[in-house]
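Labels A, B, C and D are assigned to the chains in the order they are written; within every chain, residues are numbered from 1.
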């Protein structure tokens, strides 16, 4: 299996641990992943607020690059691990192929840069690849250190299943839970698994953004979780990095390990900590010691 | 409570903009604006409606009736975090998130957004950085946003920044794509 | 069968009539121009306009012209022939003209209502008129056959609609076969406790009707039975009914229930369908105490004798009437009826399709139908409203429009939910004193005494919160929310988001077409709307008829409606059926096929094609002949006949060629 | 009239004439429903009512094309829904043969279209009418040029195949 991989800006920055652990996990499962050369920013939420067409054009350039790359096995599957990139690339794909006037404008714009895009790329999330292409059975065989005693709150965030539920249920996604079960971990019933973490509001309107992520962590604790698994660099950042600030802000303790689901998989696969970017975490999972 | 602060709330037809709704409904994703039955599912589903000056439902109603100024100057549209909860639950399948985007674009177009409001500053800084470099550096972006909105906060977040830097998660080196010309040509073609 | 008529001169004298239909046609089609155009067509003697051709003055005009101008062909350009063809044929007939010297041009449904541009619309109307004028010239006088009507009626479905229709027809002295799939009649109404807005007891008004059905000499009641096959046509339907085995002889069982007592299963342990699984029954059971007919049956999937073949058969031993018979097999009945009334009802929306409401996940979330059973004194809790943990709820949220007015589920309004939610709110308040919150999008209470009932509920200090609930969750944000179900909603009248903790949630589920509505539709050859409701012939003027003659609709199989409307419609359907029976015959459209012997080569292509086996070789085998009593007039044999010997009346090759030519003659 | 309007008119100068044969029970009723629902569509299609799509003699189509129709639309009930059990299947078989025949005659086969439209599908009537009109408009007017000599032998073979399929005995 060979996939193209679109990292997006965050996986080269605050979300480096996500990239490192994901690549390590794919390698452990013998899946070839090749980074899309010269990719650019996906367009993201903030861009869309200023100029939607240009946001689509940014996304379209990436899709066109991907299409150009993978001529031997079309249509190309492009992995987008960041939830926001995943949504924006998918949304652009839909609008370009389904809305004639937007499609025409984007095609003209691409032509200005000597590029074309015929609409054949599949934008996919690593959760989707792991569960549907690789499968729970294959993952189970790779587990070396079952994660007994780990009670995971699986946090999907908003933009994987909304608004386009292509590989999981829109209201009650379970793909990450299934992966966690395969690793020998338990998952907790946590009704907030797709509730918004606050996104970029944590950096702009702190009071609001922080409260949104704070209540997520708080409720995960109430539900008996001992770790939160994330699938998006921004969600991860929000849930993880402000825990200390919440103490002063809310006079309430919400302290919990937060790790990318790929890091947790890597732990179960027995991959060394360094390759999983564990040292880049604020709250190292308490079980690392117990497991390794 | 100061009752002398009572202000006129009534709207006269001459104060409304009858073209506003038509402009919005023509934007991509906003086609169903007029299908809204004002049930409030969006306001109930929205995790941020608790903080909004007008709930998404009221934004839709006000947009339809041409309360352009109130809509574009409300901070509700800037609070929307694009989590799409409203859009997937709307019984009329109205893409409310896209309507919020359209309103944000309109507000920027008309220069009606709060200048030092972090959300809009973030959007513009992001826009500039991507145009120049093709990618975005979170550390630099946040520093710029803080500088332009509330420089004092930089000190408050310095500790966090330092920690992230030591973990190798932010740096001052900015990633740049090779084919910047190609990208600029594409983006400029849409002007 | 062409007949000679004094008025059918060899040379056509055509009258053309253009209807304005008020402004329906005239606002798009320039009728004056069309009339002017028609006057220029060959053989057109007169062309006139009228505001409403179907009105008395309009029809009088045609009749006067027939006499005065010796017209022998009539063309009316107005609405769809499916609507008024019969009207105008009769007009012609009453003036002494053979009714089939008539042709209609559909310039309303096919022109004015679907065309934006007036000039293009007028052109299209002209083309359609030209086609009709040209076609009508080759019309021939025909004699329409009458077919006798069997005076018995089949009613499918034994809910309140079927029950009421059956009683009306039986009281008029006609025979009724009432076929019900379940072991008892009564339908959904039997499950309710009270009916809105009068709050009279549902069972008290329904059960007497149920026993009337059972005791009526003119009604044959077949429960636990299904229609297997439908053949024939209006007036002469042949029906095959499958009767599922109850393993209890219907004629012998007296409903004493000793067998149930004696069953080897000492405790009831199987989910009771009538109480929606909230109570239990044995493999041998009576659906509910007032079940009609009041006899027991055995569930073959649960009874040990029937699944494993060995049991003490204590039920059999205790039955003094020897009514239990494990060897019973399904049987078939064949009947002939003249008319059919479909009263197959509805099913309720499954709220699992809206996972945010937590049905199936949180134990104190119920559907409204389940709540009907709880409020019912004969229900699983003897009328007590309690949570699963046995406590009386202190607060209850009722969510309206569950599955209705929702594009992802049903975009229509289910019509009854507002009212039954009010009723449930009242009953719950009365019995528990709980705080009741109704969450609605719009309150819809049109009906006699309905809005007054709403007033009464307001007076009872029930909360009415205008807002569609986004989510039911057990996630507590505040101490008062701990252990409760929290409804997150925007209170749209106040304009803010709210979180309201309650002990119990009732989902007012909408009505939807039954799962197998599509199969039934095919079986009876009628149409369904997109939502699966059976389609009436005309939404205003033929609300209980279908496009298939002799088949009528009653109750919710046609669309959501409450009990009064259902009963009214059942009465209407019964009267339509009776009217057909009392007339004694149905007028058959003379559109049957026939074969001109001297042109037939005897190739027999037509014989293999005929779906009704109406064509047979003639005695000498050299030609084929059509048995016109069996022919239904599809014309497929005509289309296939290589020599043009087969022809269909009203749709001859010549007539269709003329219509094509006329249609294209106007550029 | 503004300049753009003139241009638009130029583009739309060719108004195709299309004849439709609709079955009484499903498609004609659906067309009535489209009317009752006020669904606007192109005025180019004119409908002839037949009781069943199985009544449709392929010669009707040929005759319509010969007399100036630019396209022909045939509408019947969905498979399994025929009022006469299976008339629509017969229409389908004849339609397939007809298309082959048209090809031989040098007529674009897209000019003839068969659609299953149920009585409840007023919106489908609107869509099909518009699509058909645009398709024929794109094809341009039907010009019946001298017919290339058909391959009679294979045509005869095809006809015989279909006759056999229909289950009849051909007395040659």
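General remarks:
Keep this in mind: a residue touches a chain if its C-beta (ideal position, glycine included) is under 8 Å from a C-beta of that chain, and two chains touch if they have at least 3 such contacts.
From a predicted model like this one, the values you see are computed outputs, not experimental measurements.
The set of chains in contact with chain C as well as chain D is empty. Contact tally for A-B versus A-C: the pair with more C-beta pairs in contact is A-B. Between chain A and chain B, the centres computed from C-alpha atoms are 23 Å apart.
Per-chain Cα centroids separate chain B from chain D by 51 Å.
Of all residues in chain B, those that touch two or more other chains are 85.
The multi-chain contact residues of chain C, meaning those touching 2 or more other chains, are 356. Annotation for chain A: no residues touch two or more other chains. The list of touching chain pairs reads A-B, A-C, B-C, C-D.
Interface of chain D with chain C (complex): residues 15, 17, 19, 24-26, 28-29, 31-32, 34-36, 38-41, 43, 46-52, 54-58, 60, 63-64, 67-69, 80-81, 83-87, 90, 94, 118-121, 126, 163, 166-171.
Interface residues of chain B facing chain C in the complex, by the touch rule stated above, are 37-46, 49-50, 54-55, 57-58, 85, 89, 91-93.
Listing the residues of chain C that touch chain B in their complex gives 356, 401, 405-408, 441-442, 466-471, 488-492, 495-497.
Those residues of chain B lying in contact with chain A across their complex are 27-29, 47-48, 51, 79, 81-85, 87-88, 95, 97, 101-102, 104-105, 108, 117-119, 122-124, 126-127, 130, 134-139, 142, 145, 160, 163-164, 167-171, 175, 177-179, 182-183, 185-190. For chain C in complex with chain D, the touching residues are 80-83, 106, 108-111, 113-117, 120-121, 123-124, 127-128, 131, 522, 525, 527-530, 535, 539, 547-548, 591, 601-609, 611-612, 632-636, 638-640, 648, 651, 653, 656-657, 659-661, 663-664, 667.
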